[in-house]
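Both of the next two complexes hold chain A, though its partner changes from chain B to chain C.
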Partner chain A sequence: MLNIEKNKDNDALVVSLEGRLDTTTAPKFEDELKNSLDGITALTIDIKKLEYISSAGLRVFLSAQKRMNAQGEMKVTHVSEAIMDIFEVTGFSDILTIE
Partner chain B sequence: MNETKDNAVKIVLSGRIDSANAADTESEIIRQVSGKERLPVVIDMADLQYISSAGLRVILRLKKTNPDLRLTCVNPEVYDILDMTGFTEMMTVEKAYRIISVEGCEVIGEGANGKVYRIDGDNVVKTYKNADALADIQHEREVARLALVLGIPTAISYDVVKVGDSYGSVFELLDAKSFAKILAKEPERFDWCVREYVGMLKKIHGTVVPAGKLPSVKEDMLVRIRRAKAVLPEESGKKLVEMAEAIPDDDHMVHGDYHTKNIVLAGNEVLVIDMDTLSVGHPIFDLAHMYNAYVGYSENDPEVILKFQGFTQETARRFWHDSLAAYLGTKDERRIEEVADKARCLAYGYLIDWGNRHHADDSLISLWKSRLIALLPRVDDLAFEVKAGGGTDPDELEIEAAVDNLRKVLDFVDSRLDAAGCPMKYRMQLDLAVEEIFVNIANYAYAPGRGNATVRVEVSDDPVSVTITFMDHGKPFDPTKKADPDVTLSADDREIGGLGIFMTRKIMDDVKYEYVDGNNILTLKKDIK
Partner chain C sequence: MRFFLGIKLGGLQQKIFNLMLIFIIALIGVYVTVSVALQNDLSKIVQNTSEKQQESIAAVSERTMKTAVTASMTKTTALQAYIADDLFSDVRTDVLTLRSFANELFVHADAFTAHAYYPPDKANDGVPSVQMQHEAGVDPSESEALGLVANMSEIMLSMFENSRQLSSCFVATPDGCILFADDRAGAYIAEDGSVYDFEVRSRPWYKQAAEAGELIFTGVESDAFTDIAGIVCAAPVYKDGQLAAVVGADIFLSAISDYVKTTANYGGFVCVINENGQVLFSPNTEGTFKPELSAVAPDLRKSENAALGQFITESLNGATDVQTITVDGAEYYLTGSPMPTVGWAVVSAIDKSVTDQPTAQMLKSYGDINKNALTSYQNGAKRATRIVIIATVLILLLAITGALFVASRIVRPIEYMTKRINALSGNDSVFEMEKIYKTNDEIEVLAESFAALSGKTREYIGQITEITAEKERIGTELALATRIQADMLPNIYPAFPERTEFDVYASMDPAKEVGGDFYDFFLIDDDHLCMIMADVSGKGVPAALFMMASKIILSNNAMTGKSPAEILTDTNAAICSNNREQMFVTVWLGILEISTGKLTAANAGHEYPVIMQAGGKFGLLKDKHGFVIGGMEGVKYKEYEVQLQPGSKLFLYTDGVPEATNAENEFFGTERMLDALNESVNAPPEEMLRNMRRAVDDFVKEAEQFDDLTMLGLEYKGGAQ
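After this line comes the complex of A and B, so read on.
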């Protein structure tokens, strides 16, 4: 169960995630991103309501980061303590811009 | 050549039929069917090597005068022509059976109805004793197909062949070994055999069969027990029949002859074979047949089991006991004995009837009778309950390794972690590791086939730590041997596949891999204090 909400303001896009980002829901998130990033220079992924993330989800973060490196910038906001731990153990805290 | 039998006109065609002789062939056929228009016609094509379109037109015209037309013993080349031109859809076309010899072939199995021979590395043929075996072959093929569709891994014959005076069905069984052989030759795999054997049995007993597809095992057993009643003391016979009649009807599958010669390991896959006795009914009937296979038939002669299964009476009895214990998910000997007694009531009833009809030794039949008579006073009903999932072990979950089951696995792990008071932050990390490993097993261990994974969660107090063990019997794979991905590389350059296992190793304090008895065993450990 993953809800994805998008708010676009010119070339800035905020994507808010709610629920679980795992093997079963990551493909949906990946498709959403793929179809929305054209012309975007500032991507914010708000994970305030994200309860769980697995490596399938992290992979999508990673490819989004790669794409945004080429066309602008990306940040991840409202990271809970539990997810921050995941980012840290996995080395993702060094790759992502976390606010 | 012309002979009429049962009203049907039999025509034999041989050699080549093409435009050069089609007209002659046609006048000969017309001569043979003249005055017998509308009667069924059977054309024997055993010696027909070739038929051209001119010849096919002759048969089409014959079909107009005699619509009930059957072509038999068609060789493969002619069959291809008939198939390509659509004739196989217009009329009954029966292929010629390939003739094979089993002389000098290794006998890999032997049942009540015939022998199973290995004809080459990949193929086995199951022969039938009775000369008119085609109906039996057809039946077994149909039930095997039904079982496969319902999710039971089995082998389906792909060809029917002529073997001597009877017929056989050919199966592809890649490098298959029966469990009987494994138990005889590799005693160190005893526990593995018990586990797989019981896992498959539960799968069979957990399968609901659509109404009317399979016969009732209870009906079959009742016929035998009612016959046995005649030779038993009145009270004993009456009680046995009444208890058997009272066993509730059940629409789940039973195998009917579930013993270690009918379970094979083919490559990495465990298959159940010999499906001709497949039925629906209460699991107690399968347990009764199992008791007979391991104990009943060989009760007074250890040579019998050695000849039948290839292992000793001691091994047979231990296998029966341990399988029943695993099936019931208990180590409680009283409970095991209680269900065993129920199975033995039916088993001895069956054997007494079998012994009478097969002129078994009187002393053996007397032994079975005395066992049954002694048993009956302490048994009051024959049904029993198996707990859902079978196990009484709340720390273990066995489930098909499929991504769709991920949620169930995580729910199970979470419930164990919650019960142990695991802090939220560790719960997510442990979930993540569990997801990685389970999804990995689901995607790779059995591909393109299917199989189960077992997940075990143990929490210890000092220090407070969680140990999660995954077990599967798929392809050997040691995730601890996988090199770490270079996390400094960009997403595109990075090996995506290794990320999950890398993270699992980062999260857990200890990751240990073993490959034992055909099982991948991965143990993850983490302190949660």
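After this line comes the complex of A and C, so read on.
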């Protein structure tokens, strides 16, 4: 299960994730992002309440990062230790802006 | 559900039926009430009108009748009185003439000789003649005056002959003799031929005339010889103040009597009352107006009937108006008119019931007509009521039938629809619009909706069937893909039976279907064993395809003898060149130099490998990581070296192992993974993987496995021995 909460302030968007981002829920997150990123120059993904991220979830993060590279900047906030481990293992910690 | 008359009790049909029935009964109730009320009103009006008309007719008729009777009676009575009185007036004149003649005789007695006179002679009966009679014991020959008055014989005879009213004329002498002029000599002679005595001075007329000293009329007296009722008019004649004679005339009142008798017609009659209030003449033979001889006749003026007494008194004094007086229990119109000569009165009487008879008759006829009309009206009304009742029953029956018909007509399509819908169980059944639903109302709309819904449902069922079939096909293909995928991975063990330097074992259990994990191991050359553990992002066919491509690219690169870092770098470049879907794969790739035990490896975002050096314990090798393959172009990977001693072991895995989740949503984790490995450090690779599998299963228990479980175990036994 994944809850996605979006807060838009002009061209800044904060997306908060809660739950599990895995093969089942990743497509939903991908769709949400795809439809929300037009004109956004500052994307913040808050994963404070994200319990788990699978490779399918990482793929969405990668897509988002690539798109934001073209139109602005993206950062990931409130990264838990467990997820930081995954980011590090997969090398995502190198390409994501983690705060 | 219970049924009555084919109607579902409590159903729509019954409700409609009830509604219609209530409406109709109310309508009939109003109709009947109004009809009955109108009929009653009409009956009353007819009856009232009839009564009023009858009263009115009675009043008008009686008034008219009375007016007519009054006018007629008053006039007639007056006329009758006048005529009757005229008779007596004539007689009076006659008697006065006789008296005057007698006076002359006595005054000039010397000038007259004695005239002959004769006793009654039977031969003269029926012939006018003069005859002498006398009282018993009187000798006519000794009478002084008889011869003198006999000189009046011719004049008396003439008078008698000339007057129809007179039954006789006479002259009597105070010595008891009398001369009659009449035509009934026979009546004075007895059967033995002797002449009846005649008590002259005892006769009422003689006494009354002598007493009064002037002309008198007697009451009605029986004639001395004929017993016929009559009246005598008499007048005394004096000589030197002495009564010398009494002259008179005898009137048979048969004329009046006969006339009076003829009046007894049509409930009316005329009667004559004398000055004493006694009835002289009347056609009546009984009752108050019965005529009787003066001696016994009652004085009606003093009648117990005060109104009658008053009326008789008034009538004798002057003409009266018509009065309504009850006599002998019957109502009479009475009117009286006096006869001045004799001081009597003529009274006319008409039985009111008779005059009222036309009115009564008319009223009766009218009443009969009205009654008939009323009866026929009432009969008509009764018939109308009967017709109303029959019509009501018919209407009710018709209405019930109609209501049943309408109700069933309304309900039948619904029932049919219900039946059809209930029958829609199989896939083939479809609810279709039918003629019975074409009611032009909500039912038609409902049926159309059902038909549309049914059509759509059928369509959906078709689609679902198609999709299911498609899914089935895809599932079959996926299963096939899974088999192909599994077959692509080395899965024949022992993998290298001729190689004693190492033992390698790997397994892959896809979570649901074809997955994105893969492992690979192959000999690049005799001294170099390449091992790959990889995890493609995502699942399913895309992941499987991507995995295939990755596996082939990786092994192709490896087979060219490149170092692990070069292999990953080149593979990344190859994949990124055509990866629009942003798929990536984490790869750990290591090349073991079999002869020396030197392991050169590079990690593209994959899990830490687990290594157990000979005699030690399994532990994570926190190696240097590069970014995932396919994630970004131009990534340079770095490799590292690990020296394996004989007896060292390597355990590679994908995230399915540490991220296996139990029902409490806990991860299996690397700690438990290491614990499981360290539990039996001596286990060869195959057993090592089996143990791990069991440990994971024990942990996960009933919870569903989310991810693939892919593992590879290597035991390095040492260089060529």
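What we mean here is this: the second predicted complex is superposed on the first by the 99 of 99 C-alpha atoms of A that agree within 3 Å, B and C clash if a C-alpha of one lies under 4 Å from a C-alpha of the other, contacts with A are read in each partner's own complex, and residues count from 1 in each chain.
Here is the rule we go by: a residue touches a chain if its C-beta (ideal position, glycine included) is under 8 Å from a C-beta of that chain, and two chains touch if they have at least 3 such contacts.
The structure presented is a predicted model; accordingly, all values stated were derived computationally and were not measured.
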Field: Contacts of A:K34 with chain B and chain C, given as first, second, both or neither
entry: neither
Message: On the A-aligned overlay, A:K66 touches which partner chain: chain B = first, chain C = second, or both, or neither?
response: both
Field: When both partners are placed on the shared chain, which of chain B and chain C touches more of chain A
entry: B
Task: Name the contact category of A:A26: first (chain B only), second (chain C only), both, or neither.
output: second
- request: With the two complexes superposed on chain A, say which partner A:I83 touches: chain B (first), chain C (second), both, or neither.
  value: first
Message: Just to be sure I read the superposition right, which of the two partners does A:K6 touch: chain B = first, chain C = second, or both, or neither?
response: neither
Message: Per the contact definition in the header, classify A:K48: touching chain B only (first), chain C only (second), both, or neither.
response: neither
- request: Quick one: classify A:L58 as touching chain B (first), chain C (second), both or neither.
  value: both
- request: Name the contact category of A:I95: first (chain B only), second (chain C only), both, or neither.
  value: both
Query: Do any residues of chain A touch both chain B and chain C, and if so, which are they?
result: 22-23, 52, 54-56, 58-59, 62-63, 66, 89-91, 94-95
Task: Could you please specify the touching residues of chain B with respect to chain A in the complex?
output: 403, 406-407, 424-425, 428-429, 431-432, 435-436, 439, 487, 490-492, 494, 496, 499-500, 502-503, 506-507
Message: Residue numbers of chain A touching chain C in their complex, please.
response: 22-23, 26, 51-52, 54-56, 58-59, 62-63, 66, 88-92, 94-95
- request: Spell out the part of chain A that touches chain B in their complex, as residue ranges.
  value: 22-24, 52-56, 58-59, 62-63, 65-66, 69, 81-83, 85-86, 89-91, 94-95
Message: Can you tell me which positions in chain C touch chain A when the two form their complex?
response: 516, 535-539, 582-584, 586, 604-608, 625-628, 631-632, 655, 659, 665, 667, 706-707
